[in-house]
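Look for chain A in each of the two complexes below; its partner is chain B in the first and chain C in the second.
Coming up: the complex of A and B.
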């Protein structure tokens, strides 16, 4: 049996008296009557902390790096008080066989009740040999842990969409989690990395309400991924006014105009950067003067330059955007039309020469 | 073609005219043409905006106006398209032709080949049609009808991203079209590419309409203004029905 919230609080030196004060304050804050104080206390005393297994596949650990920088709530509070993070090879003390044994222990002990958080994804080519954990392909660990879990959190663009290791030509055939695990609910939290507060908030939500947050059609929590960066961007008035940065060192760049022409992917990227921002709400890429690169969108590595508004389209091995492809097609059609006009005129002239009598009667 | 016989006929020629395009079809055609023009121009400038505006942001709304014109024209085009489909049911049988391509009819395909040969200068004379000639119908159906359907669906999907979750545009279009393409960026790219397909179609359409008027056996441009199809000879038409 894992520790309850109450036991954790006691262990951290909180007295029974303080705990009861906390319960009454919580009841008041939530607008509940005094009758709810014992109910809250009872829940805290009996509700076990949800165990989490945090696996790492092909990834760069930027998700973990982001997670530990969460300010609201602090990552330490999440890890030490809210969840029972049983396995996370990056931040756990145990190593080697001792660490790997914890996975088996958790699976056995909390069969069907733990959350599986996945950072990174499994490569499928070469029998999965491009990512080996404890001597076995990561795919084995993933499918084994997924089989007994309650739900899966796909951390970051790697687990959600594939990210850089799945970018063309994807030699290891890195595959996002939802394409290998089909029978479990999956929450995608894309981003490279996802925003720290978004990560902790997703965990907090699941713990507090004991259910998944509401997801959109792509499996992302609606509360953080329902709007584009563009929709809440503080530079939006410059976009509507038609005021754009034309090059990195121009006056417009210094004035903080819209980065649309510099290839900002804000208009096509669903994330909460322009509202929650990063590093305790200090800033986000656009605020720092660089366009959004669309890191939380599917296949963002393969959509051409981050510094061009129009997407590159590979055709015949040469890259061009829709305008170049289209204008070339239009020019070909236009030239063909002109040639056809000339040929038609010649034909008509020849007919007139050949049939002078008939043409007179005709016109 | 035997010249002597034709001249004899034409001496007594009383040009038969057929009322082909009823007023609603003609109005739709020209409104649609205007919408497509506005949509292509504004759409291009949404993808590649004009040079930056000087002064305060509060003094300008250039991008806003361009986008407004695009959305307004898009709505008119979409509503016009629905109205055109409705008219296919209410109007005469020519009003239906654009939507119903007889792809199982071998004779019709022969007609396509004949018109293609006419345009490749491989045959002396085109067929004579009251309605659309088969090659024209094929192009208009594929490039204009399906092109328009594609642009309306992807256009509303992109528009729904702005109106947001809960709006009917988002629920009806964005919610399934964006995931279908993978993400918003690819929807933008395809919306852009099909614009160029439609531009290519317009180049051919305008040229061919004028050429048909001059070189074929029936009227073309004036028909879309007056509604009446007139003919340059009184031999039998090839799409009698």
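Coming up: the complex of A and C.
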């Protein structure tokens, strides 16, 4: 007996009436007429939990660790009731041949209908043999599993962009998923790691609405990656007021002033850290006193020290120049920052979009 | 093939049937294991191979030493933070930076939180399925399970028959759905599983409880470091400034509410270790009293640098003292000095790297890491489809670190052996009490050494260490509050933050008791930039291939002479390997010194 999506929903306390309403909403959302509601309901009632193959390339497993931190939904509910996590070498019982066999079984049974989740990336140097699975290059496993999947989730900055092992000089030629797989829809969920609840939200969105979330130009879900950390930072008023931390553990640090001068990358980093926050909303890097290091941005390892002040904040073209002046003459820094802030306010008032050279992916 | 006698006392016989396990799952990273079994299915030769490498050390060259912590933190997201801590310690050591007492205490609490978290997740989510059969839990009587729970841990509140019935129902529906998810293709009818159904059900319940709770434990990192995995660190102290009652305290990183929040998480960790983790390990172990295999080098040849000083920078106050014990002689503990070029050395005779002279070892400050992916003349398969390794040649991306040429085991069991032998009261009490509890449950009369030198002993030591760390955190938190009460709210020393204050050249070393064992980072700084960076990590010690003298490492030693129920189902291999909590991304992060370009493959 295969437990269906409908049964899982019922088991979680969702009534038949709510279930039908859900089907109706889904039909509307998909642009289908009322006639499709019973069809969707039927599909839900007979459909097994969607299988996921979760592969690991060159990585550090921080994405898996983050995933199991999810508070809503709990990781156990995702794994036991929402999806069928058939392959994930971090937690699966089977090993060796029995583990390898699962990939083939899934391909055979769910050809074109499973989700491929990728953590890490394939290295291309050394004939791919700097990441070996079952005696073969990880790239082989990845391309084989990708060929038969429905869609790919690129977890974290490794799969999305390359991350730390791809930092210069990228000794293993670690390569993000979208550069080796070209014929499948790919959702990038960057971050090192991504926020736990963002990860489970992406999965549950796909399950609930049976479609990919809306993606920006870089392939990231707009719902979590359309704003800079700076845009919603609780310390933003201090930025606007020109109140900055100047040295670690100074008076300003104790008052929670803005960390911009300490190198915070919040102004150029698209992520949900300042809104959803981390670990069930407990905190986020800036609240804990360290600047953002920009870990959800492409190539963030090679964009200067964590402590080097941003001089090229895209939306503040004018004051970026002011800041460069400040950097060459230390005495001018205060003035330059003041100019920076003033200009930022003026600019905000004058224009709301269209920033040349911006890294924004969703224009 | 004839029998090879290793200098460290093992007889390797590769004449029997070869069994290959690749991938080894429920570990961090990628690993392969091959063994030869004799006619009685007893393992007579073991070959462990690290099958990934990423090259972080070369990536670090030329970068700002103050940035290094974030790079090396990404060596591993499971033992998250321990490489970052080791890194800031190495940089501070090189530059002569002393951190304030509050920063030390906050770092200690973070490190011990990681210990508890990592050990709990390891036991329940990576290791338990080697002992626990979730399918067998369906046969359990919930009422009897409740009685078992109340017997092994009267203090744990979640113990009613209804509670266990609900969990059993959920597992039953899951199994009956036909979609077994992570339990698919497990070895559930293998006689290697010994637990009665009630113990299986209790353990499955705690698998789920631990999964729910671990996400709360790490919130300590979120308060101090902003996120987990990968909290933020800082050279010179910690970035979380303290503001107890000044202006804008509410928006400060640390205030009364934040510190209370941390204390609440510490209390949860203490309770979970006392009421769930330790009783579970002892109860499960007692059902495997006849399976005391897997000791290998454990409790026999062990090493640690020492950790958790009561007074920072005073190694004599280490609450887990370091040292080396060789050949099972508990009467002599050798001191360890990570700076001594004669002590810690890495060899590559059987690793996919080249040295000018591969008979020699190199100290990490002078480490060379030139890749050389080459398979021996007797390997089977092709270069990109390996069927069997040739262990007489190179066969792993892991180097072979040795202490004065000796293969040693590192990890909680090593730390516990060293602490027990050196008379640390807390540890002596824990070990003696738990060995007595084990004997009582199992009806045996074993001594501490016999219990400890086994796969079960390794797993027990890890649980005891989690408990000790949770208790130590209570002291750390109290001391931190005491400092603040006395008017000291300093969290960072910025005297040498500016590279202009640094010497032209400097070198340093940082060590940490990482969850998996002794961790060391060695750094050389020149003109304000990283000149050389080398990490020697626990899984490099434990998962090392043979060295030029032929000594086998801890993983391989632990598998020797273990009987397998069914060689095609590697339950016993997984059990002993998992007892080390292997972390392959840690062990194989290294890369060419000069970052030489290898063959490039064109990307479409």
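Things to note:
The rule is short, and it goes like this: the second predicted complex is superposed on the first by the 267 of 363 C-alpha atoms of A that agree within 3 Å, B and C clash if a C-alpha of one lies under 4 Å from a C-alpha of the other, contacts with A are read in each partner's own complex, and residues count from 1 in each chain.
In this text, a residue touches a chain if its C-beta (ideal position, glycine included) is under 8 Å from a C-beta of that chain, and two chains touch if they have at least 3 such contacts.
What you see is a predicted model, and the numbers here were worked out from it, not measured in a lab.
When the two complexes are overlaid on their common chain A, residue A:143 makes contact with neither chain B nor chain C. Look at A:111: by the touch rule set out above, it reaches neither chain B nor chain C.
With both structures placed on the common chain, the touch criterion links A:75 to chain C but leaves chain B unconnected.
Of the two partners chain B and chain C, more chain A residues are in touch with C. Of the two partner chains, chain B is the only one that A:298 touches; chain C does not reach it.
Applying the stated contact rule after C-alpha superposition, one finds that A:130 touches chain C and leaves chain B untouched. In the superposition on chain A, A:99 makes contact with chain C only, not with chain B. When the two structures are aligned on the shared chain, A:18 is found in touch with neither chain B nor chain C. On chain C, the positions that touch chain A within their shared complex are 20-30, 32, 51-56, 58-59, 63-64, 66-67, 70-71, 74-78, 80, 121, 125-126, 129, 170, 173-174, 176-187, 208, 211-212, 214-216, 218-219, 221-232, 234, 236-243, 246-248, 251-253, 261, 371, 373, 381, 383-387, 397, 489-492, 494, 497, 568-570, 574, 585, 591-592, 595, 597-601, 603-604.
Those residues of chain A whose C-beta lies close enough to touch chain B in the complex are 216-218, 222, 226-228, 231, 237-246, 252, 257, 260-261, 265, 267-270, 294, 297-300, 303, 309-311, 313, 321-323, 325-327, 329-330, 333-334, 337, 340-341, 343-344, 347-348, 355, 357-358, 361-362.
Those residues of chain A whose C-beta lies close enough to touch chain C in the complex are 1-3, 11, 48-49, 51, 56, 58-66, 68-71, 74-76, 79-80, 83-86, 88-102, 123-138, 140, 163-165, 167-175, 179-180, 182, 192-193, 196, 234-235, 247-249, 253-256, 273, 278-280, 282-290, 293, 295, 301, 305-307. Interface residues of chain B facing chain A in the complex, by the touch rule stated above, are 3, 6-7, 10-11, 44, 47-53, 57-64, 66, 119, 121, 161-162, 164-165, 175-176, 179, 182-186, 188-189, 192-193, 195-197, 199-200, 203-204, 207, 211, 214-215, 232.
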